[in-house]
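In what follows, subunit A forms one complex with subunit B and a second complex with subunit C.
After this line comes the complex of A and B, so read on.
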């Protein structure tokens, strides 16, 4: 098959997806975009009890394996928890955010996207000791500048960052995992005569892989691939004294194939297959360093009687902050690797002996 | 109000770091050319807008200098470190606000300056010695998404780094963003000039957008010496109440402006301005400035034989962060107070504000 490319329409779609708000448990705006993209596709489409969008073949053909592709719609963000007056709101973190990345950031609050900021005490009023310490979430407030209309505790807030393409760089919030959502939607444009595809645009990944768990239980696939965005910690150490041997992935080196992470031993037969097609098709790919962290694969591979599962992720720097950095080249290599691998999948894989 | 908002947002969006004010100076010049009789630039980059007064025949020509610094805080490249940059601050920045901030690097590697967007990054904990605290500025990185060779050809030590976020509007009166310190004051001064475009005051009014306040006050020192005004008014932002800042140094945003009181300030002039403010119903708080005022007044006051100087403060939340927040109403009040002061400038004004003013109420013969 001819391997896909990232075209302008895919870039436009990723921009729309990254700029949309979708904090775990309130993925509505992203879901709307996904449902609009699914219109007219020859698939059964439904929104499940948790809010995930599930798209399955109109008619199941048992002669072909059913492969589930998963990407999560939700992103890390904030929930307002109390109205402190004068437009100030206390908030809680939803998902793993380092509070040190919060002061001085712009946010959008609620469904009306009311502009707000997370401020910090002026440097002039701080002591050197204070500046050497951390700011706690409790000391930070979301400030909408004026008594908030239509804002109340329970509303979500997201970083206000707007996506920027700069040469082969993508600067945006929520690349984790809107890039996966964009990849799933691009896979729908392709024909795979050897398999049938089911798609799960999952909710609540960032707070415990919950959407994908029920999605996998209801789809009951033969194989699953979790498409996510994975951190690249490829930074130098401050004085060169510490070798950064734990970088997880590096940007620019292509999609990261998972072997072992915090919750999943990825199916070795799938790992072998994707490595092989990468070599054959000369697609740049990397192996994610085994270690903690994980993807929706963690809940999918233990669904029902078990699902042979692999995670393939696009690397990005500055995970779970206001602005992430990813590479167009890594995105394109990811869709190519995925398409190449999917076109080689069959029931035969399951008959191969496990190592 | 719309004029104020539009101008403020435009000025906030323009780079103009301390010592490199030209981009913002050009925008201000465009405004002032329409409202002043003469616009010039000083040897250290301050912008001067002269509005000629109706000087009475036979009296010495009097002038008031109104200064608002136009420079902004930012950063500067100190080292190329692999495919990343290291930097220091220009003006005081708390390193805790920096990780995750979008920036523009003004790359000079190819001669002409090219602006490249990037982001301030905090290295992953595994790449650093363990810390329970904040990451010091010298360990933070700027990432332009370039490989080492490309970075080396584009960026040089000393290249500027400015914040790359755009102003936000909050409701009808509040604007936030970087560089509201001190573009809010420049906006107040420009609004005053615009509102009084067709009016001649008794004295010359010299509007000055000073350079280099955030670093060394060079603009304020030099413009006040060369202009040698009879009086000086310095407009700067002051601390607004907000999370973590509620003590005597802070003032509620949107509820009025401040008049400084302290050694950098001429007591008689300040008292007179306070009574003018009361007369035209502008809410004023007296702001104690026990030592260095932290404003251009520190430099202006000691120019030549000494200049009676006051400081007007516009409350600003989250000073020296990328999300400084200001209320437009306070900017409007500042413009109105400037108009109130300039309306009173006549040949008796200096006597009215003289030391021991109670014995000398200005009625004496010249």
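After this line comes the complex of A and C, so read on.
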């Protein structure tokens, strides 16, 4: 097959997706974009009880394996917990955010997207001890300036960052995992005569892989691939002397194939397949460093009687902050690797013994 | 039995790479089961059907996990040293000086960066030295998995090996398969995968077996060495019947049933309340709409080290106990 490319329309779509608000549990804006993209596609489309969008084949053909592609729609963010008066709100974190990254960041609050800022004590007034210690969420406020806006405790807030394309760089919030959502939508443009595809645009990944769990139980696929975004901490070692051995992934080196993380031992047969197509098609790829962390693969592979599952992620720097940096080249290599791998999948794989 | 345990413990099968153990069990249990399948996560499911005319047999799932703890390569340094992450509950203090063997056969020694007095060993400071000088043409690739390398040995009548957790459970299950003649129950012997990373194999196999009753066979901790506190379990004082661990409370009816069986066999047994850790029984208990479960544990010293020690007398008694449990009609 001819491997896909990232065209302008894909870039426009990713921009729309990244700029949309979709804090875990409140993915509406992203879901609307996804549902609009699914219009007219030859698929059964439904929104499940948790809010994930599930698209399955109109007619199941049992001679072909059903492959589930998953990407999560939700992003990390904030939930207001109390109105402290004068436009100030206490908040809690939704998903894994480092409070040290927050002071001074612009946010959009509630359904009206009220602009605000995350405020902290100024440096002039902090002591050396305070600056050396941990920054607690309780010491921060979301500040919308004036009282009386249409916002209340329970509302979510998101980072206000707008996507920028600069040369082959993508700077945006929520690349984790809107880039996965964009990749799934692009796969729908392709033909795979060897398999049938089911798509899950999952909710609530950032708070414990919840949407994908029930999505996988209802789809009950033969194989699954979780498409996500993964951190790269590929800076030089701080002291320059010791090799940086803990980087997770590096940007510019292509999609990261997972072998092992905190949630999943990826099916070795799928790992071998994707490495092989990467070599054959000369697609740049890397192996994500084994270790902690996890993707929706963690709940999918344990669904029902078990699902052979792999995660493939697009690397980016500055995970779960207001602005992430990813590479167009890595995005394109990811869609190419995924398309090439999907075109080689068959029931034969399950007949191979697991190592 | 000793030969069986030696063969089993000397196989390398870190979580997710259980095939050497699976193939060995398949060969060892030929003719002892009526149906066999390997599921998507690599669990080996062997059904031994109830004797003809057994009335309404119950489905009993007996789980023993095939996998062992290990390590996985995360980075190959320019000068050939391999950085790694743990698979399962690896204690950093046990690492320096350990030897490992990768699934591809490469052997290595674990070293640790120079430490100051009082520093604790951390996995990040450890590396595997496979004896090569550069990353070019390196025999190990990111994602390659290794187990700890140590031979089985007999020490003062006790058996010592790596991966006694849980090859001893596997060995007991195999012996029970041999011992059971006419059972009143459909017995699913499930040799599970990925227990050490979160009882994952038991989760999917329990879903597909859908048992009426579950029994896990696994090791438990010990309290009979100097300054070892918190657990009253002794080696040689009988198999332990689990009341509770950190992840599960055994069904009280199952506990009672197990204790009555041990008493009927006039064998020693111990009551186990384990404060940390859990077993496949947790995953079985939570399958579908819930399953009554219990655990027969083998007291084991130095769990999750390369020298896990058990007493063969406990093993013999466990075989007797489990054989009785799965053979006779069950009325909880």
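Everything below uses one rule, namely that the second predicted complex is superposed on the first by the 351 of 355 C-alpha atoms of A that agree within 3 Å, B and C clash if a C-alpha of one lies under 4 Å from a C-alpha of the other, contacts with A are read in each partner's own complex, and residues count from 1 in each chain.
In the analysis below, a contact is a pair of C-beta atoms (placed from the backbone, for glycine too) under 8 Å apart; a residue touches a chain by one contact, two chains touch by 3 or more.
Source: prediction; values computed, not measured.
*Asks:* Putting subunit B and subunit C on the same copy of subunit A, do they fit or clash?
*Replies:* fit
*Asks:* Touching A:53 in the superposition: subunit B (first), subunit C (second), both, neither?
*Replies:* neither
*Asks:* Regarding the shared-chain residue A:126, is it in contact with subunit B (first), subunit C (second), both, or neither?
*Replies:* After superposing on A, A:126 lies in contact with subunit B but is clear of subunit C.
*Asks:* Between the C-alpha centres of subunit B and subunit C, what angle is opened at the C-alpha centre of subunit A, expressed to the nearest 10°?
*Replies:* 130
*Asks:* Taking the superposition as given, does A:318 touch the first partner, subunit B, the second, subunit C, both, or neither?
*Replies:* So A:318 only meets subunit B here.
*Asks:* Between subunit B (first) and subunit C (second), which, if any, makes contact with A:246: first, second, both or neither?
*Replies:* both
*Asks:* Which of the two partners, first being subunit B and second being subunit C, lies in contact with A:353: first, second, both, or neither?
*Replies:* In the superposed model, A:353 contacts subunit C only, not subunit B.
*Asks:* So in the superposed three-chain picture, is A:307 touching just subunit B, just subunit C, both, or none of them (first/second/both/neither)?
*Replies:* second
*Asks:* So, A:182: does it touch subunit B (first), subunit C (second), both, or neither?
*Replies:* A:182 contacts neither subunit B nor subunit C.
*Asks:* After the superposition, pull out the minimum Cα separation from subunit B to subunit C in whole angstrom, please.
*Replies:* After superposing on chain A, subunit B and subunit C come no closer than 9 Å at C-alpha.
*Asks:* If I apply the document's touch criterion, which positions on subunit A are contacted by subunit B in one structure and by subunit C in the other?
*Replies:* Residues 246-247 of subunit A touch both subunit B and subunit C.
*Asks:* Could you please specify the touching residues of subunit C with respect to subunit A in the complex?
*Replies:* 15-19, 38-43, 72-75, 77-78, 83-85, 87, 103, 124, 141-143, 145, 194, 197, 200-201, 203-205, 207-208
*Asks:* Contact residues on subunit A for subunit B in the complex?
*Replies:* Contacts found on subunit A: 87-88, 100-106, 114-126, 131-135, 139-141, 143-146, 149, 160-161, 164, 166-169, 171, 233, 235-238, 242, 244, 246-247, 251-252, 317-318, 321-323, 325, 327.
*Asks:* Taking the complex as given, what residues does subunit B use to touch subunit A?
*Replies:* 81-82, 84, 92-102, 116-117, 119, 121-124, 126-129, 132-136, 138-139, 141, 143, 145, 147, 165, 168-174, 176, 239, 242-245, 247, 249-250, 294, 317-323, 325
*Asks:* Enumerate the contact residues on subunit A facing subunit C in the complex.
*Replies:* 243, 245-247, 259-260, 265, 267-268, 271, 287, 289-292, 301-302, 304-308, 350, 353-355
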